Each structure stands twice: as structure tokens, then as C-alpha cells.
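You will see subunit A twice below: alongside subunit B first, and alongside subunit C after that.
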Partner chain A sequence: MHIVVCLKQVPMVSELPWDPRTGRLMRGQAEGMMNPACKHALEAALRLKEEHGGSLTALCMGPPEAEEVLREALALGADEAVLLCDPRLAGADTLATSHTLARAIQAVAPDFDLALLGCTTTDSETGQVGPQLAEELDLPAAFNVEHLELTGRALTVRRVYDGFLETLEMDLPALLTITTQEFAPRETPLGGLERAFAQASVRVMDAEAIGASLDRVGDKGSAGRMLRVYSPTAQKKCVLLTGAVKKSVQELFERYGDRLGGLIGQDLASEEEGHDQ
Partner chain B sequence: MELNPCLKHKVLRKSVREFAEGVLGPIAAEIDHQARFPWEVVQAMRPLQYFGIQAPPDLGGAGLDTISYAIVIEELSRVSAGVGLCVSVHNSVALYPLLRFGTPEQIARLAPELISGQRIGAFCLTEANAGSDAGGVETMATRQGQDYLLSGTKIFVTNGGVCGLALMFAVTDPGAKGRAASVLMVEKERPGFAVGEIEELAGMRCNPVSSIFLEDCRVPAANLLGRPGDGLKIGLTALDTGRLGIAAQALGIAQAALEAGLKYAKERQQFGRAIAEFQTIQNYLADMATEVEAGRLLLYRACALKDAAKNFGTQAAMAKLFCSRTAREVTNLAVQIHGGCGYSKEYEVERLYRDAKVTEIYEGTSEIQRLVIARGLLSQPTAGRAV
Partner chain C sequence: MTNSRDVWVFGDYRNYFQNRVTLQLLARGRELAQAQEGELCAVVIGHDLQQWVDEYVAHGADRVLALDHPSLTAYQGETYTSLLVDLARERKPAVILVGATSFGRELAARAAKRLGTGLTADCVDLRLDDQGRLVQTAPGFGGNLLAEIVIPRHWPQMATVRPGTFQELPHDYERQAPVEWLPLPAGLKPERVRLVKSERLAPREQALETAGVVVCGGRGMGSKKKFRNLVELARLLGGQVAATRPVVYARWCEEGALVGQAGRQIKPQVLFSFGVSGAIQHTAGIGGAPFIVAVNKNPGAVMMQMADVGLVADANQACLALIRELKKRLRS
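Here is the complex of A and B:
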């Protein structure tokens, strides 16, 4: 069995500096990390490989720094790592991204049985690349998968969808996107890290190498246009209640009783009345 | 601030930090307060090869270089110095001398259990009358046929309460000049090997530091490391490597104190603004960061020399001297920035302050480090020149 797992490097938001003037993330200064859902997809792939054997190819589109997440994948047990790195691939929307990934998978793993992705990425949260990639590759697919079982060539997957628990069956080859509910990522073994750098290598490929047509990739191949990115800022306003304590308390409950009650799980208005009697 | 010589070290640091913060972070304060050795963390570390960081892969080790080793100890110690200490001592002064001086038979017999972490290693040199003066060891190893009979008392043994294999320094030839000492590898289950009470120490409290009593403890001559009388040579070689580990540990403590100081200085408001806006606090932070950066470079250079198979003893002593002083000074300033809170067990810096001090004492006091450095400077014609 040959599994391909697609990984994305995202900015580590917890350590990301903000431009206080514009309120925007300063992405250039961000430390990269493997997208959390991708980590879970990788874990699912590693468990399948351990149970059923076969090989695991890790695939990542990104700048040269994204090599880091592929080395991590190699350290954890991926057999092969491919970095799609080409300035012409930059600025891709989900459509161009899935087109690029599809060509890459066909180029480096034409015999693949299963493609796994994280359900969403923390830097854009669209959740579109998985479904679009399944269309590009014309594969049966399921998204937001929490549990999977493989018997022979038959895949049984479970997911929560619209509040319902769904169980789906499909044959390989197939594509799944994995949530962060299950498949808790394993810790990295130190010896795996040494092997990932001393023995394994990361294959770097550009648009030509994967046979992608240049008008379908990167900014040029993107149908969507990003008009503006901004961070919603919460407005904080201090409210000063003046007057006698009893009056202030009464006003406090009148204005915010529903929220205060929610915090401690009680209907405060009725209790307040009780005290008055 | 790029802390990592190459991408491998960067990925390694991230992985170890994730492990340390995730597994060790939530219990770091508790294991210090309760002086509890976290076996559950040992169990988690075993399959990840933390007990064979530099051991060869064919024996089950991770096969990493010395800078990687320093990074692992630094990142563990940044979260819990007592656990960093356990891993450092095990790797550098127990496993390393065995791999370096052991016979193929000894390595095949004893190394795998150390590398897998089934046995935790200890290094037993210090006695009531021997410490900085390694020649003062009074523990005796008397040859009896194919065995040695060990008698004596070791004190302040790091990992003492949990060790499975101890490297024991004992006099094998009391008649020889300088009372020739040797190293015997003693498994804890040998009759006559007894662990004393766990010491009540100021810092490193999760590490069960103890005395070890040897009463006619019979050890086969096959467990003698090196030749009879090699004790001092093995000990000094082990300590050169050990010092890199303690320097890394001190650096991890200092790094944690710097981060805690920075965070608190930005949060704490006095006179209507964050105390980080006051020049005095800024001076403290600037000094702390400068010391930490300098210590890191000194340590990595010593590690790189070891990896290049060059003499690194002088640089290891410099790194240990500098990083341990840095740890003491930086934790002191971090407590100062925290004010009264820094003196409270509720805040991490109180623990860092206690943990830091001993790095100036064990595996060679700062006074001994200066002696080693001066000896290196005065004995080698090229020493002291910039290379």
C-alpha cells in the first residue's frame, strides 16, 4: 500500500508578532510549524503503514523553509519526502493548490492507494483543498474523518457531519481529510531525527518537474482574489455604574444578568427578587 | 534570534521543546514541591531514545552529534532542570564512559539496558573526604579470585535513588603512588549495594540524590572498566563530557529565567505602566539576554570541538564555568524583576533560582573549572591564541 500525505507549513500564531499600526500579522517574521490537522493526517498514515505495511510519501508545497515539516515527517517515519518549491507556485488559491498537488501526486506516486490531508489549515481555514484535490484526481473521498478502518481494499470511515455521525464505505484508491479529534500525533524519536537528516533526503520539484501547466498554478492560476486580510478586533469599553450600591447592583443585573447568570449557571434575576422579599 | 547551527538542530529543538512542554511542563512544579521522581516521564522518554542520545543506532541509540545532545539537555532543563540532570548524567558520565572505555563484551552486556533506559546510570565519585580532590577516594575494591569486593560510602549521587547501574570509583591498589583508583560498574541488585536516604536539597528536588553504601559488595572483575588504575583517566574524560551537559542544563535554566523575566516585566504594572518601560528593568533584561547568548555560543563551540575529535576539555570547562554563573545571575535577576512574587513558590523563577546554584558546584566546582582552564592554557603552547 502506498499512502501520500499532504502537509502544509503554517505560521506559529502563538509566536507571531503583530504590526500594532495596521493590526496585521507579520508573517515574514513568523516561525513555521506543521499545520495541526496535517499532523493528525500524518499520524493516521503512520498507523495505517504500521498495521498494513507499504510506503508513505510526504508532500508539501511551500517556500524552501517548508523543508522543515518534511524532515519532521521523515523523522516520524515517512519513507519519501517531496517539496514543491517554485516561485511560480506562490500566491495559489485553493483551486490552484489542488491542481498543483494533483499533478505532483501523479508525478511522484502514480501508484498511490490513499491520499490523506488535514481537514483545514490554521492560516486559512477554508477546508477546500481536500475536496478539490479529490475532484482533480477523480477519487471517492470523505472529509473531516475521525476514524478509519481498512479491510483489504475496502475503507470504512466515520465522521461527524451536520451533527450526525456518518459511517461511509469506499474502495481504494481514495482521499480523506482528517480532523484533530483522533489520531493524536506521536512524539518525535531522537534517532528518527538523526536519520531524517543523515540518511533521508528531500526531493525538491518545480512546476515543470510535476508537469503542471503554468496557467493553472500559483497566483496566475487562481480563480479567487483576496481583497483584504484583517484580524477582527474585539472592542472593549468600560462602563461605570454610579449611584447607591443597591441601585448599581440592580442596574448591573438588568444590563448583564443574562451573561452573569450564564457564568454561574443560575437565573440570577429570580434570586434577586427572592432577596427583595 | 537563531539559536541553531543548522536545520537539524532547529527541528530537534522544536521536537524536544514540544515534548518537554507537553509532558514535563504540567508536572514540573509538582515534582519539585513533592521531590518526586517522574517515572511516567522516564517511560515516555525511553522509546524516544533520550537515554541513548549519542549512542550508536545499532545498539538502539539515536546517534546524534554533541550539539544535538546539548540542545536536548538545554530544552529539558528549560522546563525541569531535575529531569535534565537525570538525562545528562545518565548519558554523559555513565553511558559515555562505558561506550568509550568498555570492552566489546561489556558494551554488548551492559550498554543496551542503559540505552533503552531500562537502567538509569549514575556516577559515584564523591565521598565524605573526596570531591574536588578525586584522589581522596577511600572506597576500597579488594580483588578476590575473579571478583572484587567493594566497601565504602558514596555521597551526593545524582540519580542515586533510581539508578540501575552505577560507575563506582574505588581504590584497587592502595600501595601504588597516588592510591590507584579504578572504575567498577555495579548493578543495583548486587548484594551489599544499598541506597541511602534521599537528600533534602535546595534545588533539583525531583532528582533522587542519595548516598550509596557498599558493604562487601561482590562485583565480577569482568565489570572493571578499563584497566586497574585507570580510574582517574576515565573519571576526567567522563567529566569533560559531563561538563557540556551541566553547561547545557545551566543554559536551559537561564533561558527559562530570561523568558519568565521578559513576560513578567511586560505584564507587571507599576506607577501606571509596565515595569519593562523602566530603564533599570531594561538593563536587567539586556544583561540576562547577553549572558545567555554568550553562554550558548561558548557551549556550542565546545560541543563542535568534541564532534571534530579535537581537544575540548578547556572549552568544556569554560562553558561550564560561564553557563553556571550565567544561570545563577540570570535567575537572580529574574527573581528581582518578579519582586515579592519571585520569592513565592507560586512562580517558576523561585524554582529556577534554587536549581541554578548547584550548577556552580557539581561535576567540578567553578574553582575547579578555573583550575582546569588555567592548566590547559599553561600546558599547551598554542592555547590562548585565537584559532
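Here is the complex of A and C:
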């Protein structure tokens, strides 16, 4: 059995500086980590490999630094790691990303049986790449999977979808996206990480190497265009209370006690002196 | 055939009572369709659809396309995508809007891929610009920013919208509109994914969604121990405790308290917000509370600007002072 798992590196913090001209995240300024749902997908892949044997290919599209998440995957037990790294792949929306990943999977693992992805990423959370990749690879697929079992070539999965607990079946080859509900990721073995960093075993590929058409990848292959990026402007006129906390809180009740009390159904306006002592 | 000016809304009727997102989309879709003199069309796929068809007409659809067949009783990703995509290719709507339910997200993503077009997730606003393009406003990747996105060279323009983003129109059961009952096309590929079992889960705890008073804590509360003080404050106010994502990640409180894009949508009468910066992914969930009190040591925080009253103070100190003051006042 050959499993491919797609991993994304995301910024460790969610507040990142933006480039106001391009409207892009200045990713260079943040430390990266493996996207949590991707980490769970990797864990699911590792458990399947332990149980059923076979090989595991980890795939990541990103800047050179994204190699880190692939090293982590190698340390955890992936057999092969491929970094899709090419400035022409940058700025991709989900349409272009799914095309790129599909081409890459077909190039590096044409015999794959199962493709696993995280259900969403913490930096954009569209959840669109999984379904779009399933479309492009023309595979049976299930998204937001919490539990899975493989018997021969038959895959049984469980997921929560719009308030329904669903059990689905399909045959391999197939594609699944994994949530962070189950498949708690194992710790990365320290020695393993050192070894993975020492061995130069991450294969770096560009757009040509995976046979992607250049007008379908990156910014060029994306359908959405950013008109502008802005901070939502304040809608209200805020009254600021500064000074000592105790005083501010008293002022809050003096000025707004009526209104607050009315909204919560309590009399807050009056204060009986002396009870506090 | 050139593209029409029509706006389509996918009729997602499963869980109708929990989420009225289709009706909310019809309301906004109607404005968009009228602005460009197109039709607002609800497309509904499934079985036993009459009641939903009536509902969509009553809520503003100018036309309903209904594909009703016993084999479509359960939602199926591949089949529904094929049906929607074939209809879209035939009739060429300008815009397709889909509610961001689990199934809606899957369907919209698949359909956009097959149609080779763009799809903007979780739009918080939709309007038309002077060139008739759909301007989709969606939270930017991380940070307090909104991005306006257009899909200029691809067709149709597609967007998903979370439940609770727009307001439905009052229903009008006198309203009439043409309904087309379409036959199931021949040669539909069988679904490769078999639904073996489907159980409705008990509706999740709604306390936060319906609470009149919500006390929300952010990273600025400082620690798990201090965060607990908010529970006492909420108790005194007869409210519920909510949190931002860093708080949930740090496990200062349970995950169900998360408010915002990735969590719950609340609509309190009064919101107390402690040590919250006001990132759009969070404020997207607080639905224009009529009265907001924010506490932040930074008077410039977005959450402070959104508030009616802002206390420039340490979040935990302010919480403790409020508890003390409330105890005094509630006793009297």
C-alpha cells in the first residue's frame, strides 16, 4: 500500500504582518509549524502503515523553509519527502493549489492507494483543497474524517457532517481529509529529527518537474483577485474610561448602570452605601 | 449562450431549523439579482422537496429549480456536484452562493473545481461593483483584516457564506414564482461513496448562542486561574462565558466556548470582552451586540473601538473590580 500525505506549513502565530501593497501575508516573518490537521493526517497515515505495511510519501508545497515539516515527517516515519518549491507556485488559491498537488501526486506516486490531507489549515481555513483535489484526481473521497478502518481494499470512515454522525464506505484508491478529533499525533523522536535533518533526503521539485501547466498554478492559475485589504473600521463611538480600575468600574455603573441593568434585567443603578464594609 | 445575470442560491435544507443559511442567502442574493436586473433562483436537489420549494419562494426566490428523486434522499457529494454543475453549464448563472455548512463547503468546492472557477470561503459581505462584478469580502489570512476579492475572468463567481452572516427576509406565503421540476438526467454516474449509516446527533448545547449576556475572555486575561474569574462574573450577570482562540488553544477553558469564525456565533444583548484584541475571525462571531464593554490595556485595540465603553485597565483587575461592585449593587 502506498499512502501520500499532503502537509502544509503554517505560521505559528495567527497575527502576521501584511504587505499592504500585495495583500499577502509576510510569511517570512513568522516561525512555521506543521498545520495541526495535517499533523493528524500524518498520524493516521503512520498508523495505517504500521498496521498494513507499505510506504508513505509526504508532500508539501511551500517556500524553502517548509522543508522543516517534511523533515519532521521523515523523522516520524515517512519514507519519502517531496517539497514543491517554485516561486511560480506562490500566491495560489485553492483551484491552483489542487491542480499543483494533483500533478505532484501523479508525478511522484502514480501508484498511490490513499491520499490524506488535513481538513483545514489554521491560516486560511477554507477546507476547499481536499474536495478540489478529489475532483482533479477523480477519486472517491470523504472529508472531515474522524475515524477510519481499512479491510483489504475497503475503507470505512466516520465523520460528523452538519450534525449527523455518518459512516461511509469506499474502495481504494481514495482521498480523505482528517480532523483533529482523533489521531493525536505522536511525539517527534529527537534522534529521529536529528537524523532526518542530517540526511539530505527531501526531494525538491519545481513546476516543470511535476508536469504542471504554468497557467494553472500559482498566482497566474488562480481565479480570485484581491482588490484591497483593509482593517474593518470601528462602527461605534467608544467612551474610554481610564484611570484607576476601581474608579472606572464605578463610573461604568454610574453612567451605564441603567442601560446595563435594563438589558440584564437587574437594578444596577443604585448602590447602597456601607454594605461593603 | 452568454452568461445570464442570474444569482443562484443552493437550497441546503438539511438541518433547516438549526441553520437557516439558505434563507439568509436568498435575502442577500435578491439584492444582488435586483441590482443587475437578473433573477434570483434557488436550486434545490433532494427528495420530498415541495415544502422547501414553498419556503424559498416565500423568502424571495424569483424561480426555483427542483431536482426531486427518491435516489437523492441522502446528500451525496459526487452526484449533487454533477447535477449542479450540469445545470450551471446549461443556464449560466452569474453567481452561485452556497451556505458554509459541511456539505455546502464540499459541494461548492467540488463544483467550483469542475467549472474551473474561483470560490471565496466565508464571505462576510457581498456586493456588486460598478462593472457588475461580485465583490466578495472575506477575512484575510490571520490578522485584523478584511480582503475584497473579485473573480474577474472566470465564470461563475462562487462564494460560501456562514450561517448567521446575513438576515433573512420576512416570509410571504402569498408570493408566487415559477417552479421547474426537473427530471433526473440519464447516465448519471453512480456515487462511489456509500453511506452506510447516518445518525442525527443531539443538537449541541445552545446556551452560548442564545445567551443575553456573554462574558468573553481573550489572551489578555493572562492565565487559566485568572480566566476562572470570568466564570464568577458571568454567574453574577446571569450570562455565559466565551473565549477567543488562543484561550481555547491554551486550554484555559473548553473548546465549546470559542466564538468566531471557527467557533460559535453569538448574539448577546450585552457583551463584556476582556483582553481581546478584536481580530476579524473573532468579531465575525459577535453579531453586532447592542452594548459592548471592552477591557484592554491598549486603548487602540480594535475591540475597544468596537465597544460602547472601553476600560483601559488590566483585564483581570477589572474583572475582579466588576465582581466586587456587582456584589454590592445586586445586594441592594
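Going forward, the second predicted complex is superposed on the first by the 208 of 277 C-alpha atoms of A that agree within 3 Å, B and C clash if a C-alpha of one lies under 4 Å from a C-alpha of the other, contacts with A are read in each partner's own complex, and residues count from 1 in each chain.
In the analysis below, a contact is a pair of C-beta atoms (placed from the backbone, for glycine too) under 8 Å apart; a residue touches a chain by one contact, two chains touch by 3 or more.
From a predicted model like this one, the values you see are computed outputs, not experimental measurements.
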Next item on the list: Mind working out whether A:79 is in touch with subunit B, subunit C, both or neither, as first, second, both or neither?
Entry: neither
Next item on the list: May I ask you to name which of subunit B and subunit C touches more residues of subunit A?
Entry: C
Notebook entry, point to check: Is A:71 in contact with subunit B, with subunit C, with both, or with neither (first, second, both, neither)?
Noted result: first
Next item on the list: Tell me which partner A:189 touches in the superposition: subunit B (first), subunit C (second), both or neither.
Entry: first
Next item on the list: Give one of first, second, both or neither to describe whether A:197 is in contact with subunit B, with subunit C, with both, or with none.
Entry: first
Checklist line | subunit C-contacting residues of subunit A that also contact subunit B | finding: none
Notebook entry, point to check: Across the complex, what residues on subunit B touch subunit A?
Noted result: 7-8, 10-12, 14-16, 18-19, 22-23, 44, 47-50, 53, 57, 61-64, 68, 72
Next item on the list: Please give the residue numbers of subunit C that touch subunit A in the complex, ascending.
Entry: 14-15, 18-19, 77-78, 81, 101-103, 105-106, 108-110, 112-114, 116-122, 135, 140-154, 192-201, 203-204, 212-213, 237-239, 245, 261-262, 269-270, 277, 279-281, 283, 288, 290-294, 299, 302, 304-314, 317-318, 321-322, 324-326, 328-332
Item checked: Contact footprint of subunit C on subunit A as seen in their complex -> 11, 13-16, 18, 23, 25, 93-95, 98, 123-128, 130-132, 134-136, 140-144, 156, 160-171, 222-232, 234-236, 238-242, 245-246, 248-250, 252-253, 255-257, 259-260, 263-268, 270-272, 275-276
Next item on the list: Can you check the complex and tell me which residues of subunit A touch subunit B?
Entry: 33, 67-68, 71-72, 75, 187-191, 193-198
